[in-house]
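Next up: the structures, one after another.
Presented sequentially are two complexes of chain A, the first with chain B as partner and the second with chain C.
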Partner chain A sequence: MTIDVVFLFLQQGVASGLVIGSVYALIALAIVVIFKTSEVPNFSQGEMVMAAGYIALYLLVFRSMPLWIVMPATILAAYAGAALFRRLVLNQVARANGSPVNLVIATLGLSYVLRGFVRQTGFGDTPRSFPPVIEPQSIMIGQAAVTTLDLVILTTAVLVMAAFFWMFKYTKIGRAMRAVGMNPKAAQLVGVDLTRIHMIVWGLSGGISAIAALLISPKVLMTADMGSIVTMGFAAAIVGGFTSLPGAVVGGFLIGIIENFVGLFISSRAIVLAPFVAIMLVLVIRPQGLFGGRVEIKKV
Partner chain B sequence: MSDKSVLMFPRPKSDTPGLAKPGSMLLTQGALMALGAAALIVLPFLVTGYVLYIANLLLVFIVLCLGLHLVIGETGQFALAHAAFYGIGIYTSGLAGNALGWPFPLSMLLAGLVAGAVGLVIGAVALRMRDIYLALATFAFGEAMQWVFLNWDQVTGGPNGLRISPARLGSLEVLTDRQAYPVVVIVALLMIVLTVVISRSRLGRSFRAVRESDVAAMAMGIPVRRAKITAFGLSAFYAGIAGSMFATFSTYIHPDSLGFQTTILVLTMVVVGGLGSITGAVGGAIVFGLISEFLRQTPSYQEIIYGLILIVFMMYAPRGLFAFVRDLMGRMARG
Partner chain C sequence: MPDLLELTGVSASYGRIQALSGVSLSVPEGSIVALLGSNGAGKTTTLNAISRLVPVQSGNIRFDGKPIESMASHRVVEGGVVQVPEGREVFRDMSVRENLEMGAYRRKDPKSVRADFERILDYFPKLRERLQQRAGTLSGGEQQMLLIGRALMARPRLLLLDEPSLGLSPVLVQQIFGFIDRLNKDGLTILLVEQNAAVALSTSSYAYILENGELALQGASKELRHDDSVRRTYLGH
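Showing the complex of A and B:
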């Protein structure tokens, strides 16, 4: 491998890594926002992405609806579905036994139901792909080749993240979410409606998952097992510290770039392994992640 | 004194009063055990090979569940790499039989020890973390191991899977499920007894102390770290033994069946049976193993029903099937 090739690979790896990484960052964001407010790692996040992708596919291909209806409809459906799951199922789970592990197992249950349901409809039997939404044209940035679709993906993801951060930091709802994350009881005392906030958090997380699904689906073959993309989201969240929203975003881009580097410099077979190695390395060397701050000392 | 850790485990409440007097309870338990033992003995004379295959499989699941019970139910450490250790057990005993022609008791022991040793190493690394981080680290290890099974072609056969030659002892060869059955039953019973012994020993008490609050346990002078690593290693040992049990009656293994799905299946069994009790682990393995076998032909229904069972149990019977039935009976007895 000459210097020229290395340089070319570096550019291409960073460019492709940022594009795919922006989707990982969205998924990581969706995971972390739930974890921050309810301490539940949502193991069904990947299936939420998958299910949203299939809703969009169904509307677009089998109902031949125009894109400007399909996109908001998918996001709304994911928002409503996730919020209802929180309200109808997780509230009852929390009432029956407050321990978070039960909530985690319930999310595992949801992931099975969603996957089985998509398989049952038959759309998931054969790998399908989205019809091309925009004509893919190649663009050179430096020596890296990207498509117009890639640029749309990256731009949309960054805009969504910016909007989310603005909401989380400056709006009343965002403040309420942060308050619930810090201390649910105190938040309730000052008048925050916990049930409502949890529903909104899950809804937003579902909506972000749907956006991630809309962005990634044109680039991959869709199957009922495409929820395994969540591994990348978890890896990104862990690299970022699992409780840090900016960390999740940085982690997403990092994982995207690492994945591409591994594919270009080592072997395409090793790509699958990259996130797990990243997870284990980060957890062993710096368990609190890049942005996790100090490990809390817990009161007994 | 409560430790608000992220993945805290349901505290087993004391049994509902008013169900039955302790003496008669013991009697029913004894009767149940005798009944179970009799069923296990007469089973091979009554049923077809297919049913015996299912029985063997259920016994493997029981041992897997006992292993997960030790680390999650007793010690409260949320480890998600059980399928990896199970796989290590299958491949170790399979390869020891294939390549070295070892008699099966030896290859079984080897499988348990190799899995246990890997478990100790991973435990020593992973147990620096707690809660969600431990769950994710062990999840990552499990997925990485599946990748190894799938890609280490020279040893595991990679995506072609591995043919396992029949288990041997001297000139005796285990060729059918019927022949494997006594071996599998005896090993499973030994593992159940071992679990009861561990649970009642000082070690088992230290596990539960760690589960309730590791800070309090440390203050009591329990070596918390050592207890956690021991539980983790033991759980891997159980999974390895379960793997070698599987290798005695199965002729083929493919890495596809050694992924996160299998870990979740075992977790489901333990949870549905009731976290923290041996009866729960064994009963969950039987009930859920049967359900999963009946639904094997229709994978989509299987997934939906698994999912619904998990959700409904978490909503209405978080302490598991047996606690739920006991509560119900207690309520009925009181009118």
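Showing the complex of A and C:
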């Protein structure tokens, strides 16, 4: 491998890595915001992405709706679905038995339900492709080849993340979410309605998953198992420290870039290993993740 | 004075552990009433039943004449019943300012919220110096002040105080209780939970003593201070 090729691969790896990484970052963000506010890893996050993808596909292809209706409708549907799941199912489970394990099992249950549902409808039988939002045209950035679609994906993801961070940091509802994450009891004592906040957090997480689905669907073949992309989201979240929102974003981009480097420099067959290698490296070098705070000892 | 808060036969449990059985007490408007008892007697549970953090099994809780025993916790806060919890229940990673602002979460009168903010910082000049500091890095005494300040930001009509003296030096205890006295003189009604019976009995006008989740004794604080059994068990002399 000559130095020229290395240089080319580096540029291409970073460019492609940032594009796919921005989608991983969105999924990681959706996972972490739920974990931060309810300490439940949501194992149905991938299926939320998948289900949102199929909602969009259904509206667009089978209902012939225009894209400008399909997109907000899909995001709204995912928001409502996730918020209702939190309200109707998880609240019931939490009331019946407070143990977090049961909540995790309930999210696993949802993932099976969603996958089963898509299989039932027959939609998922044949892998389908989602028509791209815009016709991809090739452009060069430095020596890296990307498409206009790639740029749209990256820009949209970054804007969505920026909006989310602004909401989380500066709005009253965002502050309430942070309060619930830090100390749910104190949040209740100042008058935060926990049920409402949990619904909104799940809704936002569902909405972000839907955006990730809309961005990634034109680039992948859609199947009922496309939710497995969530592996990358979880890897990104773990690399970032699992409780850090900025960590999730950085983790997402890192995983995307590492994945592309592995594909370019080693072998495309080794790509599946990339997230696990990244997780192991981080866990060995910095067990709390890149952005994970000091390990706090809880008072008992 | 009419009772601002009234509990009648309140019971509460955590699974199989019966934490409260048939507790009745009342807090007249404008008074300081103390709730005493040793570790695990059920004092915190009583406050949490009022704040609607633990479910009430049976009995009634009335605030300002209206039943609140099946209200949601945020509605109780909105109604003016605000708790200062025991321990260091601040929002650790938020600044002192954000913590205080969180106290006014349910209020919709931004102008008077700002006025209250200034007034509370006048009460606690220490907090003013540290508005930008992360709450988790405050000392124990400062966190206690922050908790009281946060509760005041909700503009309470009834303040539920859970062991404000816990872990504080005698000087700070005096300071905090001087402050509690002042709030009361300014018209705030207070239900005070304490293990430090000496201080609590000299601050309050009436007191209840809990043992194993049941009321064991009650009376005017002045008289309880001279009661032999109280002196032996709770005052240690």
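Keep in mind that, in the parts below, the second predicted complex is superposed on the first by the 298 of 300 C-alpha atoms of A that agree within 3 Å, B and C clash if a C-alpha of one lies under 4 Å from a C-alpha of the other, contacts with A are read in each partner's own complex, and residues count from 1 in each chain.
The rule we apply is simple: a residue touches a chain if its C-beta (ideal position, glycine included) is under 8 Å from a C-beta of that chain, and two chains touch if they have at least 3 such contacts.
Just so it is clear, the structure is predicted and the values come from calculations on it, not from any experiment.
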First, second, both or neither for A:A96, with chain B first and chain C second: first
Broader residue contact with chain A after superposition on the shared chain, chain B or chain C: B
Touching partner for A:L189 - first (chain B), second (chain C), both, neither: second
Which of chain B and chain C A:V113 touches, first, second, both or neither: first
Which of chain B and chain C A:R175 touches, first, second, both or neither: second
Touching partner for A:R269 - first (chain B), second (chain C), both, neither: first
Touched partner set for A:A144, first chain B, second chain C, both or neither: neither
Touched partner set for A:L154, first chain B, second chain C, both or neither: neither
Touching both chain C and chain B, counted on chain A across the two superposed complexes: 299
For the chain A and chain C complex, residues of the former touching the latter: 172, 175-176, 178-179, 182-183, 185-193, 299
Chain A residues touching chain B - in the complex, by the definition given at the top: 35, 39, 41, 89, 92-93, 96-97, 99-106, 108-117, 119-120, 231, 234-235, 238, 242, 269, 272-273, 275-277, 279-280, 283-284, 287, 298-300
Sites on chain C touched by chain A in the complex: 51, 53, 72-74, 77-78, 82-83, 85, 87-94, 98, 101-103, 105-106, 150-151, 154
Chain A-facing residues of chain B, complex: 1-10, 78, 125-126, 128-129, 132-133, 135-137, 139-141, 143-144, 147, 151, 213, 215-216, 264, 267, 271, 299-311, 314-319
